[in-house]
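We just call them A, B, C, D and E in the order they show up, numbering each chain from 1.
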Amino acid sequence: MTQNPPAVSDTPVLKLLNVESAYGPIRAIRGVSLQVRRGEIATVLGSNGAGKTTILKTISGIIDPRKGSVEFKGESITAKDPAYIVQQGLSHVPEGREVFPLLSVHDNLLMGAYTRKDKDGIARDMEAVYTYFPILRERAQQDAGLLSGGQQQMLAISRSIMAAPDLMLLDEPSLGLSPKLTKEIFEIVVRINRERGTTILLVEQNANMALNASDYGYVLENGRIVMEDTCARLREKDDIKEFYLGMKEAGVRGERRWKKKKNWR
Amino acid sequence: QQQGVSKTEILVGTIQDLSGPLAGYGKQARNGMQLRIDELNEQQGNINGRKIRLIAEDDGYDPKKAVLAAQKLVNQDKVFIIAGHLGTAQNMAAMPVQFEKNIVNLFPITAAREMYEPLNRLKYSFAATYYDQIRIALPKLVKEKNAKKICTIYQDDDFGLEVLRGAEAGAKSMNMELAEKTSYKRGATDFSSQVAKMKASGCDMVVLGTIIRETIGTVAESRKTGFNPTFLGSSAVYTDLIHKLGGKPMDGIYATMTVQNPYLDEASQPIRFWANKYKTKYNEDPTVFSVYGYSIMDQFIQAAKKAGPNLTTDTFIKAMDTMTFEPDMFGSPKSSYTATKRLGNDLSRLSQITDGKWKVVSDYVKPTP
Amino acid sequence: MRFIFKTDYGQDIDLVKHNGQRFWYGLLMVVLVAAPWVFPEYWLAQLNFVLIYAIVGLGLMLLAGFTGLFSIGHAAFLGVGAYTEAVFNNMGVPFPISIALAGLLSAAVGVIVGLPALRVKGIYLGIATLSFGFIVEEVLARWESVTGGNAGITVKKPAMFGWSIDSGTGFYFLCLIIAVVATLGILNLLRSPTGRAFVAIRDSEISAQSMGIHLARYKTLSFALSAMLAGIGGALYAHKLSFISPDQFNILQSIDLLLMVVIGGLGSVHGAFLGAIFLISMPQLISLTKDYLPATIGQAPGLQGLVYGVVLIAFVLFEPYGLYGRWLKVRTYLQLFPFYRKGLFKRQKSFQKSDRLK
Amino acid sequence: MTTTSTNDILLSARDLSVRFGGVLAVNKVSFDVKRGEVFTLIGPNGAGKTTVFNLISRIYTPTTGTIDYEGQPLTQQPPHKIASLGIARTFQNIELFEHATVLQNMLIGRHTHRTTSLLDDILFTKKARQAEIDAREKAERIVDFLDLQHHRDSMVAGLPYGVRKVVELARALCTEPKLLLLDEPSSGLNVEETEDMAFWIQDIQHELGITVLMVEHDMTLVSKVSDRVLAMNQGEVLAMGTPREVQNDLGVIEAYLGTVDDVSSLRRTAA
Amino acid sequence: MQFIQLVISGIAQGCIYGLIALGFVLIYKATETVSFAQGELMMLGAFCGLALMTFMGFPFWLAVISAIAAMAAFGVLLERIVIRPILGQPAFSIVMLTIGIGYVARGLITMIPGIGTETHTLPVPYKDQVWNVGALVLNAEQMVIIGATTMLCALLFAVFRYSKVGIAMQASSQNQLAAYYMGIPVKRLNGIVWGLASAVAAVAGLLLAPITFVHANMGFIGLKAFPAAVVGGFGSLPGAIVGGLVIGIVESLSGFYLPEGFKDIAAYIVVLVMLMVKPNGLFGDKLRKKV
């Protein structure tokens, strides 16, 4: 990337304070506080069931937090209607694609731009996502439900791009994408961040990609944030290397099947 | 100790459809009964020292609910008698419950033959059945109009069936056959093919096993398509709604009737007075069903008085079985009961809509021998 | 909270998990057996209806609650059962045989009705069953030589080998026994491969199929079993009413049956019973309370329907999981008593997803 | 990495094609899966990999071509028979029974092994009870194998994505298959969990002796566990061979793997 | 001639079914629930028109427009109070709600003293007019229904096919969660849908009233409209009309040419045959889940 990135300002676009969310009796996240500053890409790492998806869902109002507050662009959006939150300039690429199966690809994209009024801008962005993912143009009239898994993922991301949001929440965007496309997706994410100044909160299993593309990272374990730092520094931590980047000190795990306890050095 | 009779009170139960398809009738019948009871309790004093209290249950025209309602009345409220229960299937389901406890089923509002057949000492039925009405009236009208081909359109349920059977019996008594029998399902709105069928068979006399909206629908469709036979309906057709809703095309329809419709501007003064009293009390126009309810209660009161101070099911039956009820102001025929004759009478009159109103056009029709 | 220490897999499979349950269900049985001597006649009659409807409800629960196939024509099976019983019983066939025939014939009709279920789902299936319901009703009305047509038929008391059940008590015990047997059968079914196959079909057909479940066979089986219970219920219904006519088995009856299982709580055996209690007692409760209302309201026609509708709406709004769901909450509350947290059952936002694709 | 030396072919696809309207999803694809090996399908999104799985599990019928399984034509079998032939699968988008617990899901997997009749079930005879206990034992063994003790009695509806993937695997294993079809087993798993998955797949191959046919995008996992790899593109075969061979195939790199390996280029350059 | 006359009657009756089916399809397309209250909404619409025309003395057109508007508002209100609290629950909960709404509507109307239990007639200007074309008799009431139905159907079709709001309604029915993620105001749209459906019901009620009269149970005709919707394919608006016509014509012809009883169940036999031959109806989408 050669272009000059817009400076990351210090004002947080998104601020979570002590958020606790639960599914019935199961508390999925407990006292999570995090911030995403305007113009940056932040990432949340964490193992299965750590609560990453729950955080994103809480932000976009899909589940109401038990405690704590969520602030977006200085306004509290705690437990607001999800549609309202999205209209404030936030868009969410959900886990598991969630396309509109019986609408055509084209209509799916149009729905992405539901909150927008500028016809020209929409047409421009439509053209842009078709360039990112030519297959979508090819399948514009096909029902989205008949796309392959990866194609649906492309559609889900594109749909979110169509919203031209201020803040994008991405839940595992590379899920089910080919290695080549995975890289491309991250390039697109970074480009959108750099070119449009879109702030991004990224949840990703592919930690290597995520840590390289992001500016700031949080590590989530069992619903709690156990570590946060700039990505540059996170990349250097041993635990991160071992558990998230798969770089092992030779012989620590190797082909043997026991797990080392994480102690967050 | 007789249930439902105390020193000061007689408990009368009734089961009506107050929420189902016949809620209109059910309500009117109940109001009619209540009107008579109020007259008794407020003005005329009592029956051998007892006032009447009416307990009305709603069965929504559902036999299962009728059983439960009967069970409540008989076993929970412990009524003395059940009177004026609306609906054939509903009565059929409720009667065993009553009979088990020796409770009389007095004058159910349904003109089905099962209400007095087979004979049971606890059954009393008050008015000519649809079967008899048509069976007796049809030959008279056929002769009068010199009709050649008789058809019938009937509702596909127990009610319609009774009319059909009556028509068949009536035709048979003249050595005729029904040229066309056609039916529709309750709640139908389109009668075009039925009318087309009857038209195609060239009928000049149509027996209507229909109620209100279906009568209007059939007749209107016929008039539109230029099919103009003589229409004869049962007493179910004899309601002011036919001409009120159907308007001009309804003129000329015949219907059998047992009591007169209480028009508010009726010529006969007592009926007019009664109708207006009803209207003031319930804020709606009375209909024949109000009259049914009123008459049922009136005749019960007469019989209960006659039964004397020791009112039990047995004394009541004894009184009933020697009762003769004179024609009342609504023009009902004289009726009488014995231990073996449990249908008050099988007579009906013919009436016809002329200028948007029912007019009585014949005296009580006697069965042609 | 009760913790059960399990020592072998058999314990997981047992119907009764611990002594507490054993005690409560035992007590329930004692009350049911003593009912004829304890409750007034009127209540006993209601209880009897409850048992009959619970039997039908169990069948519908199996179909709708566990297999996910909604039938809006279930009254047809009730009708087939009732008429079979009426006809055979009146011919003098001993009661055990006639009721078995009623069940079997209904099951056979159920198989036929189940056929479209192999191709269609959801609303389409609903309408298919509804259509069958209408057709069966019409057949009952038109086949006069057997059914007596719209005039209906009177059903004699159940009798076998010169011994007839005519007292309310005898008939009550008959219903009780059948209800208990049916319940046990369903419970057994649900803890065995057949029951699991039903649940699998409900949740994902494609995946059930890839697990080797023969969709057509199990769907028809579910229809057949469900119809059989409805038929047996219908036979008892015929005796309880002692007069049946085709319009007793119309769409409104079908809707009532469906409401019964949904209000009871879809997907639970308790639900069938709770739903039956609701269905039978609701109109009675309304009519008991209306005497206390001012006459203009209490005596107004339509009140029954209105209240019924309002209760129904209130139910869905406040307790979408039905009576059984409510019961579970009450139970958890009691078990957790001092530690119960307020938000425990706070309803989550939930999101509907098309089930056109299942 | 062991390669099985048997020449015994378990599944063989010949000239498979399937067309959906204008889309030729699979075009003349042929391949053989040998008994005991781990055979992996890779390819760009929309290449037709899942469709091949769907053809094998008879969700779709091929427009042309045949599939033979143990020497018998598979295309004549009804879909529900596939499982009893010993073919189990997982789904790319996870198709679990949401309103059942993990254990119940796995027991449903035992369906093809049911021994009881309907009557046994209704009466819950001794035989039914014993069958039930046996099924449980089998299921519990797999629970242990896949480390699912923790989730054993949880409702699937509440499980995180990654665990569901494992539950699907567990359910498929419960059918005791000969051939296991895994559609992207590692998607949604992090590095550590993917490693676990690799171990499991190896164990499935070696200890349970199950042949595995897999679709996968994670090349680390692919090269670790597969014996042979088939690369597809736009419905056609692009390359076939050992993981290393395929990974070095220029066509595969072009269409699938991409050329840039260093992701640090993504990083924000200081302003 | 006979035949043509029967077909014309069938078409007219079919349009009635179609018109009500339109309401079902509308709700289904936009919320994926089946409204069992559609018939009752129709009944309320007719009573509303009746009240305006006969009790309040509004002129015909004003009464029609006010009745439709009032019912639309009522629909929105209904959604707000009753449906919204459980928005997102499984579709079947909402089906139950609509059954409940049906009971309440019928109960409430029945409770109105002196009016509720009666049958009324709606004084429309074209009442009882007939045109004789050759030997055929065309009925004004039926012609009005045919015309209005066609127009409504075209209008709704356009809304769903081409307007953003229409597409968004379908989107939220297919995947509510995703609709929220897109910022689609699902709740508001739902309100609009129910408003629309009530308005359509009101139109149906007003058009039907001259033929079937106004009474508390007039909504039961909705049961015939279900088959119509299914034959057409439940998600298709033109399908609703075509399905209605098919059923209407089959009914009319079978009433004449087939033995007694067939007319009443013709609709249901048609449905079953259709489901066997073409499980998704004439215009329904062929759906198959891709895994």
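Criterion: a residue touches a chain if its C-beta (ideal position, glycine included) is under 8 Å from a C-beta of that chain, and two chains touch if they have at least 3 such contacts.
Chain identities (UniProt): A, D = ATP-binding cassette domain-containing protein; C, E = Branched-chain amino acid ABC transporter permease.
Remember, it's a predicted structure, so these values are computed and weren't measured experimentally.
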{"item": "Shortest chain-hopping distance from subunit A out to subunit C", "value": "1"}
{"item": "Identity of the chain that, by mean CA position, is farthest from subunit E", "value": "D"}
{"item": "Busiest interface, counted in C-beta pairs", "value": "C-E"}
{"item": "Centre distance in Å when subunit D and subunit E are each reduced to the mean of their C-alpha atoms", "value": "48"}
{"item": "Whole-Å gap separating subunit A and subunit D, where each centre is the average of the chain's CA atoms", "value": "28"}
{"item": "Whole-Å separation of chain centres (CA-atom averages), subunit B against subunit E", "value": "36"}
{"item": "Distance between chain centroids, defined by C-alpha means - subunit C, subunit E (Å)", "value": "31"}
{"item": "Junction residues of subunit B - those touching two or more other chains", "value": "19, 23-24, 27, 156"}
{"item": "Where subunit D touches two or more other chains at once, by residue number", "value": "50, 59, 91-93, 95"}
{"item": "Junction residues of subunit E, two or more chains touched", "value": "106-107, 110, 113, 116-117, 174-175, 177, 180, 216, 260-261, 264, 287, 289, 291"}
{"item": "Chains that touch, pairwise", "value": "A-C, A-D, A-E, B-C, B-E, C-D, C-E, D-E"}
{"item": "Contacting residues of subunit C [partner subunit E, same complex]", "value": "70, 116, 119-120, 123-124, 126-128, 130-132, 134-135, 138, 141-142, 206, 251, 255, 259, 262, 266, 296-297, 300-310, 312-313, 315-317, 320, 349-358"}
{"item": "Of all residues in subunit B, those that touch subunit C in their complex", "value": "18-20, 23-24, 26-27, 30, 56-58, 60, 62-65, 67-69, 71-72, 75-76, 88-89, 92-93, 96-97, 156-158, 160-161, 186"}
{"item": "Subunit D partner contacts - residues on subunit A that touch it in the complex", "value": "1-2, 4-5, 7, 23, 26, 41, 45, 47-49, 53, 95-97, 135, 142, 146-151, 153-154, 172, 175-184, 186-187, 190, 194, 205, 207-209, 212-213, 215, 243-246, 253, 257, 259"}
{"item": "Touching residues (chain side subunit C, partner subunit B) in the complex", "value": "40-42, 45-46, 49, 141, 149-152, 154, 237, 240-245, 247-248, 252, 280, 283-284, 287, 299-306"}
{"item": "Subunit E-touching residues of subunit A, taken from the complex the two chains share", "value": "60-62, 81-84, 86-87, 91-94, 98-103, 107-108, 110-112, 114-115, 145-147, 159-160, 163"}
